[in-house]
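Which chain is which? They are A, B and C, in the order written, and residues in each are numbered from 1.
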Amino acid sequence: MDRPHEHNIGLVEDTVRQISSSKGEPEWMLELRLRAFALWQETEMPKWGPDLSGLDLANISYYSEPLHGASEDWGEVPDEIRDTFVALGIPKAEREYLGGVGAQFDSGAVYHRLKASLEAKGVIFEDMDVAVKKYPDIVRKHFMTSCVRIEEHKFSMLHAACWSGGTFIYVPNGVAVELPLQAYFRMNKMRSAQFEHTLIIVEEAARLTYIEGCSAPQYVAASLHAGCVEIFVGKSAEMRYISIENWSKNTYNLNTKKSIVAEDGNMMWVSGNMGAKVSMLYPSSILLGDRSHSESLSIVVGGDGQVQDVGAKAILLGADTSASIISRSIASGGSVVGYRGLVDVHGSARHALAHVVCDTLLLDGESRSYAFPVTRVCGSTSSVSHEARVGRVNDDALFYLKHLGFSEREAMRVLIGGFLHPIIKELPLEYAVEFNRLIDIEFLEGESRRSPHKALS
Amino acid sequence: MENILREPSWFIAWKKSMDKTYVPNTDVAHLPEYRIEQIDKELELYTLKEAFETEGIRELVEGLLSSALLPNPVDEAAAHARSSISSGLVFYAQPKIDDTGIAIEQHAVIETTVSGHMGADLLIIIAKTGAHVRVVDKVIERDRGARFSRLCVVLTEEGSSVELANVVDVKGLSVDFQRYGLVGAMAQVRFLDEVASSSDCRIETASMLIGDGSRSVIDHALLADATGRFTIADRIDVRSKEAEGNISVAGAIAGSAHITYSGHTATKEGDIAVSARESARFLLLNDSAGVEATPAIDVLDRHTNVAHELSITHIKDEELFYAQTKGIPLPEARLLALEGFFSPRNLSKGFLGRLHKCLKAYE
Amino acid sequence: MNEAASLRLLGVTIAVAGKAVVHDIDIEFAKGELTVLLGANGSGKSTLLNGLFGHPDYALTSGEIVLDGEDITSLKTEEKARKGLFLSMQQLPEIPGVTLTNLLYRARIELFGKDTETPVEFHQRMVVLAEQFELKKELLLGEVNRGISGGERKQSELLQILALSPRYVFLDEIDAGMDIDMQRKLRHIIQHLLGRGVGIILISHHIGAVKDLAPHRVLVMESGHIVERGDLSLVHEIEKNGFSGISKNAYE
């Protein structure tokens, strides 16, 4: 089978133009890309956070066009691609269980389906590329205008310049999408960059759960994932965004995720982060409307020398707003697992409440855990609290489990599972199963990789 | 430039190394003045000048200031402050044993009066093996608008302990403290302070837990009011086994004052049975008051247990109502809530009075 | 005694922090029999049990443990569990985020291998067992040892024994803090287990409760040694005269 058409290695203005023209984009989108590209060129790499020197920006392919157009039927999807998805283990019950699946092979949309009933209600679940052309007004109004701004940081600029693919979801007033919508991404090529853009608009009193899972096989060169997720939660609307990120161990995962929440709106981020060489992920909630609420639950599993610098941000602007951030991480295999968060309560956020808990289990002597939680409060009517604990597995608990018959490894598995339980229970069942399986692989295979004699015990 | 203060050349060289623009201080009229309110007779105390002239002590001072263990100034302002040091006190404590063979704590209470445009001094406390010292220093402002900076270095040998309490109650005096504790095996350094100010206040405190079983406590009681701008940075640097660190801050913020707080507990590989806690709480008394807090931790070894907690809140109406239903009028109820916020810390009369005034201003 | 069905301790010495605390213990436990271990606080009873099970703070420095003729002295804690030994400890740690049912289901897989019984079927079976023995069935869906009282933790231990079907059960002061009703339920469970051939070793301070249990054998420990061996009549004697009246055979 032919390799998809690759555009240049490295980013130059021509590439940006080619991306836009090959998609047949309207002029305004090209302008956006070019503006971002110019900013990207003048901006330095961020001075804080983990070491990104291994990221060779000049030698990454920024766009590859798929050879196949999107298909409406799973049966039409080419074998190679289908096999990839089967290997990833998309739940067999998908057909009955899910409303629709958009899947992505490299930077293009390959597979797309939407259940007729949702269409009838006015729910739009479309490839971002298609949406730009099909729903220009609404996309133009929201695409990197007020949620994630192009200027935000170097990688949002890069993203805006060469974004490709992704998901657009629109849920009209009052519509509750009962089944979670989901999509799979996969980076399947050496030196490829992934810049998908997800834009979700949930209108007044609507409800949506969206699941994003990623995985990529192991490759030698560093790949980059600089995607972007923008979510608009309308008045009294509810949004739950679930993502399991398990990029290959050579990926730099620098995703930007942000949500703006209107009055009485509710935003929940559930993230499971594993994989990737370096991750910098800070899902953010801007609680703009009065009485809006956000929750961020995240599990971070670090192994094999990874660096996970992740956290959450909550900016409280409206009155009676509240935010909760719960992060549980496990560090082993010489990894670095860090929490970096921000809770910013403005003077306008009268009677605001925020609570942050971050706990880390350090499983070995080579790993490192840090926490840099910044909390800003102005005004005398709010209450914010924060707790963090770093420690090791309780020896008494370990012995207790052993005396019931659990081996050391199994006992650790039980304790780790218990540690992560409060968050895993928020995941839909098959994701909880999948995530547990990923942890097992990471933890147990990692163990046997690092110390073969231990694996035999 | 004349060496009016007759400082040793190594000291001048040290100051020059801090700040290339260093010029010797010729404003001798406005050096900080010290008044010794009380001091145990066995506790040796030298002015900086006397220290330079006393064999044994001057070598200690030189050793401390040039030690690799002494952290570098965090920024230009701190470096400039060090280069401006032209006076100071050196405490040297030998162990004091009573008739039954128990080591007794030796005390000193001093007052530092700052006047003129700017004062910078050095406070050194050295506790020899088995000595226990407690020093209280009160900073008195004479002229508003003055700036005062101080470099404190505390060295504790094995089994000794030092408690340094800085009391600052000022309106217009800007204060900049850099305090460092070098803690030996089984020794303890406690930095306590009580600061009430309407002006700029910067306190940087770092304890290096060098010997096994060393311990350190950093404890602040803060009141920032009017246009006070506080920057508080605490650090406990664990470099040994079975070390214990405890950081605790209680700060009340009124007017349009602001406190920026950062706490950092860092441990390195090989630390075993380390226990570290950071606890910070802030009470915002006014809608223009603000705080930014970053209690950070960095753990490299799994044999440690580190925890931190932060709480930022306000005086709750329910609390006040509860007191009122017991017959306590609103102003007193507010004061009680404020005092309760700082407990179990014992506050000086001055600080309490300041809290009281602070609430009165915003009724 | 039939060697083929017994648990024997031969010359067992346990050390804590390098210092021998329990010395040269010789005991034989038979299946289906109740042995009660008595002694003042600090006599070494808990040390003996913890040392037998390989608690990291305790070291078995000499002696042997022989189960049905097989030397299991150097087996790891979990391996001893798989041989059918169960210890109910005094200090019961929390296992956050894990329900009791879930834990027991998984423990059974460790002990007996994968089964066709689903977790839901297992849970339902446990509920029936809990009701049969008047134990609080809500404990099954709660987090292990979390948010429950001391007495409830002991009930949780009893549920574990019923779920895991051990052959020899060591109960370290399981009746501590139990009220009369709970003691009755405990007695019932002990009798049920004995009837099924389980060997039980009970450490207790409740002399009255011990009498009601009619133990087959009674051992008294003092300063890390077994100083007296007997049967129910020994219990009567201790009840009358306390421990000091029987130290005459110390170090034999």
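Here, contacts are C-beta pairs under 8 Å (C-beta built on N, C-alpha and C of every residue); 3 or more make two chains touch, one makes a residue touch a chain.
Values in this document were obtained by computation on a predicted structure and should not be read as measured data.
J.: Which chain maximises the distance between its CA centroid and that of subunit C?
T.: B
J.: Using CA atom means as chain centres, which chain is nearest the centre of all the protein shown?
T.: A
J.: Where the centres are mean C-alpha positions, what is the separation of subunit A from subunit C, in Å?
T.: Spacing between the chain centres: roughly 49 Å.
J.: On a C-alpha centroid basis, what's the spacing between subunit A and subunit B, in Å?
T.: One centre to the other, that is 44 Å.
J.: Any idea how many Å lie between the Cα centroids of subunit B and subunit C?
T.: Computed from C-alpha means, the inter-chain centre distance equals 55 Å.
J.: Touching subunit A in the complex: which residues of subunit B?
T.: Counting only subunit B, the residues touching subunit A are 269, 282, 284-315.
J.: So in the complex, which bits of subunit A are touching subunit B?
T.: Within the complex, subunit A touches subunit B at residues 347, 360, 362-392.
J.: Write out the stretch or stretches of subunit C touching subunit A in their complex.
T.: 53-56, 76-78, 80-82, 86-87, 89, 91-98, 103, 106-107, 110-111, 143, 160, 164
J.: Note which residues of subunit A are touching subunit C in the complex, please.
T.: Residue positions touching the partner: 394-397, 399-408, 410-411, 414-415, 417-422.
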